[in-house]
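What follows is chain A paired twice: with chain B in the first complex and chain C in the second.
Right, the complex of A and B next:
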C-alpha cells in the first residue's frame, strides 16, 4: 500500500505540470525530440551536403558551424539561445521554442556529419552508372545516390535520435517542464515521494529509449537486404575473430543465428 | 562516329593517354586490349567524358567533347556504358534499374518504359528475374541486367569496360553471348576485354595499348597471330602461355 502511495503521482510524470497545467512530462520529451528531428533533419541534410562542396566559401562556413557546435556542450547552446535569441530577435520567446531552437542547432551539426558519411559511403560507380545513362548530376543524386545514402544513414540516424531523446532532459535547466523538471518539482513539493520521483524519471526515459532502439534494430534488419553478407547483428566475438565454435555440453549445436538472414534470401 | 585527334591526358603528372588518334566508324566493333595500367579503361571513359582529356579533341556523333557548350547529358544518353562491377542500383529491382533512366531522361511513361524494359530483359534472357534485387542475382545475371539498362536508352554506341573480368569463368559466356548478338545487330561497340575468343569472333579491329599509347591497330588475326610490334608479341605470348596461334579455348586465358 505504501508503495502504491509512493507512485500515486505517476500521471504527472507522463503528462503534465504538477498539480495541473499544460502539457509536460514524458510526453513533452517525446514532442521535443520529434519536433527537433523533423526540423533539424532538413537543415542537417543541407549542411551535410554543402559540407561536401568543393567551393571553399560554401564548405568552410559549414565546417565551422559543425565543428563549433560539436565541440560545445549542449547546455552551453541552451544557455546561449535562451539568453541571446530574445536579444537578437527583439521579442520574447517561450521557453519551449527556445528549447526547440537550441536542440535543433545542436542536432543539425550531428546530422550533417551523418548525412555526409552516408553520401560518401555510396560507391563511386553508382554515380558513374547514373551519369552514363544520361542523367544529370541532380537527378543522379536524387534517384540513385541519396536513396542509398539514406539507407546507409538509418542506423546512425536512429542511434542519434535515441541520444537526442535523452538529451531533451537537459532543457529542464531553462524551466521547460519535461520529465526531469516534472520529477524535480514533484520531489520538492512532496519530499516523502522523492525516491519514487527519481525512479519514475529513470524508468520513463528507459522505456522510450529502449523502444526506439528496438524499432531501430527491426528497421536495420529490413534494410539489411542490400548487404546480407556483412549484416550480422547477433555476431558474438568468437565468430568475429574466426575462432572455432565451442560446443556446449549436453546441448545440440545451436542454429547459427548470425547467418540466418544471409541464408533466407 | 567516334574520332580521337591527338588526345592527351595525365594523372598526377603521369601521362595516361599519349597522343591518341583513332577513328571508329558506325557499326564497327573495336576491342581494346593490353596489359593493366595501359590506359584502356581511361580511353574508354573519355568517350562519354567520365574522364575529361587535357588536350586534343574527341568528336562523338558530331559533338565536340572539349567544347564546354556540349550537353553532356544528351551525349551520354546516346552512349551506353557497361562496367566491370556492374554498378546496378542495389535499392531497385532489375526492372526498375532499367526503367529509371528512360523515364527520367527520355520522359517515357511508366508503362512505355516497363514494356521496353521487359523486351530487353527477354532479349538478355532474364524476364523471369524482373522483380529480383541485384543482390539476389548472380554476377552474370547482374551484368546482363546492366547491359539491358544501357540498351534501354537506345544508345548509338555501347562501351564495355572489362564486362567479364569480375565474373566466374562459368558465367562469362552468358554475357559474351549477349554482346555477340548485339554486335551482329550492327551496334557500334568499343570493348575493353581480355576475352581473345570474343575478340576473334566479333571484332572488326583490335587496338593494342601499352603505357597510354596505341601501339598497334589491326584485324584480330593480325594482332593476335602476327603482331608486328615487339611489345605486342611479348604480351600475346604471355596471354597464350606459349606462342600458340590457334585459339579456340576461351578457358585457357588466365590473368
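Right, the complex of A and C next:
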C-alpha cells in the first residue's frame, strides 16, 4: 500500500522538480552518465594513447594521472572539485558542472586503461602494414589501429558505462538532486514509511542499469571480436609498448619503426 | 580524529573483504549448483545487487533495515552506537559479494572438467571436492580480478561517510567544518588512500606471483 502511494511522487523520482526548477531524479543520473562518458571519452583516448608513447615525459605524467585517480575514491575527487577547485582557481562553478567535472576526471582514467588495453590487443602487424604502405603514424592510428581497437573495447566500455551510471549516485553528497537525493528527500517526508521510498529508488536504478547491461550483452554478441585469429593480446603485448627493444647478443635487432616514424613526422 | 578515521576505514576494509569473500563464495557455489532453486536464487541475488549502486545499499541498511526487523530488534540496532559502521559493513558486503560471486563463477567455469572428474574418482564427497579441489583453484585463477575488486571495495568504504560512519572521508569533512583546514585534511586523506591502494595492489601482485596458476597449464584433456 505504501508502495502504491509512492506513485504520486513518480514525477519527482524521474524528473526532479523539472518544469519549475532544475532537472533532477533519474533523468539527471542518465544525463550525468551520458555527458560524462561523451566528454571523458576523448580524454581517455588521449591519455590511453599517450601512456603507450615512447617518450617518458609524455608517458610518465599520464601514468601518474591514471594511477592516482584510480587509487582515489570518487567521493574524494568530488570533494576536491567541489570545495577546493573554486578556492584554488577563484571561480565559481555550479553544482551540476562540478559533478560533471569530477565524474569526468574519474572516468577518464578508467577509459584510458580500457583504450590502452584495446590498442595493445591489436596485433603489431597491423601497424607495421599501415606504416609500410606509407601512412603517417597519425593516419595509421586513425584509420587502421583505432577502428580495430574500438571494436575490441566495446564490451569493456559498456560495462564501464553501467558502473559509471551507478557511480553517478555518489554526487548526491554535494547536493545534486539526482535519484538518491530525491529518494532521501521523499523518505524524510514520511519517516515511518521510509522503506517505500527506498524501494522505489532501488527499482529506478535497477531498471536502467539492468536494461543497459542487457543491451550491452546483445551488442557484444553482435559486434564481438572481429577476428579471433588475429586477436592475440599476449603475443603482441611486449612489442607494442613502443619502448626500445632489448638487444639480444649476436642478433641484429630490427629497426624500431614505431618510434622513428613519430620523430620524422 | 584522522587516526580514528584511518582505523575505522581499515576496520571496514578488513571486515568487508572477509565477509564479502565468504558471501560471494556461497553465492557462486549456489549459482553453479545442480539444484535449480539455488541457481535461480543465486542469479537473482547477483542481478539485483549488481545493478543497484553500493551507496544505495549502505543507505538502505542504515535507514531502512532496522525498521524491517521484527521484535524491536531495530530499535536496539538504532540505539547501538556503532551502528553506522555495522550498516556500512553490511551494505558494502552485499554489494561486493555479488561481484565476487560473478568473478568466482567465471573462475569455476575456467577449471577443466577433468579436475572435477579426478576428484570424484578419488572418492571425495561433494563438500570435499569443493574444499580441496575446486575452491582453491577458483581463487587462484581469479586472483587478478578479485584483487581489482578488493581495491574497488576499499575505495567504496569512503561512501560510508554518507551515513556518518566515522571513517577517513567523514573525518576530513569534520575537520573541514570544525577548523576550515579542509585542504590539508583532504590532501592527507587522499594521500592515505593512494598509499593504501598502492600497498594493496603490491600485495596482490605478490600473491599473484606465488599463487596464480595459468588456466592453460591445467590439462584440457576431456575424459
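Rule of thumb we're sticking to: the second predicted complex is superposed on the first by the 213 of 265 C-alpha atoms of A that agree within 3 Å, B and C clash if a C-alpha of one lies under 4 Å from a C-alpha of the other, contacts with A are read in each partner's own complex, and residues count from 1 in each chain.
The rule is simple: a contact is a pair of C-beta atoms (placed from the backbone, for glycine too) under 8 Å apart; a residue touches a chain by one contact, two chains touch by 3 or more.
Everything numeric in this text was worked out from a predicted model, so none of it was measured.
J.: Just to be sure I read the superposition right, which of the two partners does A:38 touch: chain B = first, chain C = second, or both, or neither?
T.: neither
J.: With the two structures laid over each other on chain A, which partner does A:169 touch: chain B (first), chain C (second), both, or neither?
T.: second
J.: Looking only at chain A, is it chain B or chain C that touches more of its residues?
T.: With both complexes superposed on chain A, more residues of chain A are touched by C.
J.: Contact-wise, after the overlay, does A:180 reach chain B, chain C, both or neither (first, second, both, neither)?
T.: second
J.: Quick one: classify A:120 as touching chain B (first), chain C (second), both or neither.
T.: It touches nothing on chain B or chain C.
J.: Quick one: in the complex, what on chain A touches chain B?
T.: Contact set of chain A toward chain B: 123, 125-126, 128-136, 139, 143-144, 147-148, 151, 225-228, 265.
J.: Going by the contact rule at the top, pick out the chain A residues touching chain C in the complex.
T.: 68, 70-76, 79-80, 83-84, 87, 162, 166-167, 169-170, 172-173, 180, 184, 187, 192, 194-195, 198, 201-202, 205-206, 209-210, 213
J.: Using the touch rule from the top, collect the residues of chain C that touch chain A in their complex.
T.: Touching chain A: residues 47-48, 51-56, 59-60, 63-64, 67-68, 151, 155-159, 161-162, 169, 172-173, 176, 182-183, 186, 189-190, 193-194, 197-198, 201 of chain C.
J.: Could you please specify the touching residues of chain B with respect to chain A in the complex?
T.: Chain B residues touching chain A: 48, 50, 73-74, 76-81, 83, 85, 87-91, 100-101, 104-105, 133, 135-136, 146, 149-150, 153.
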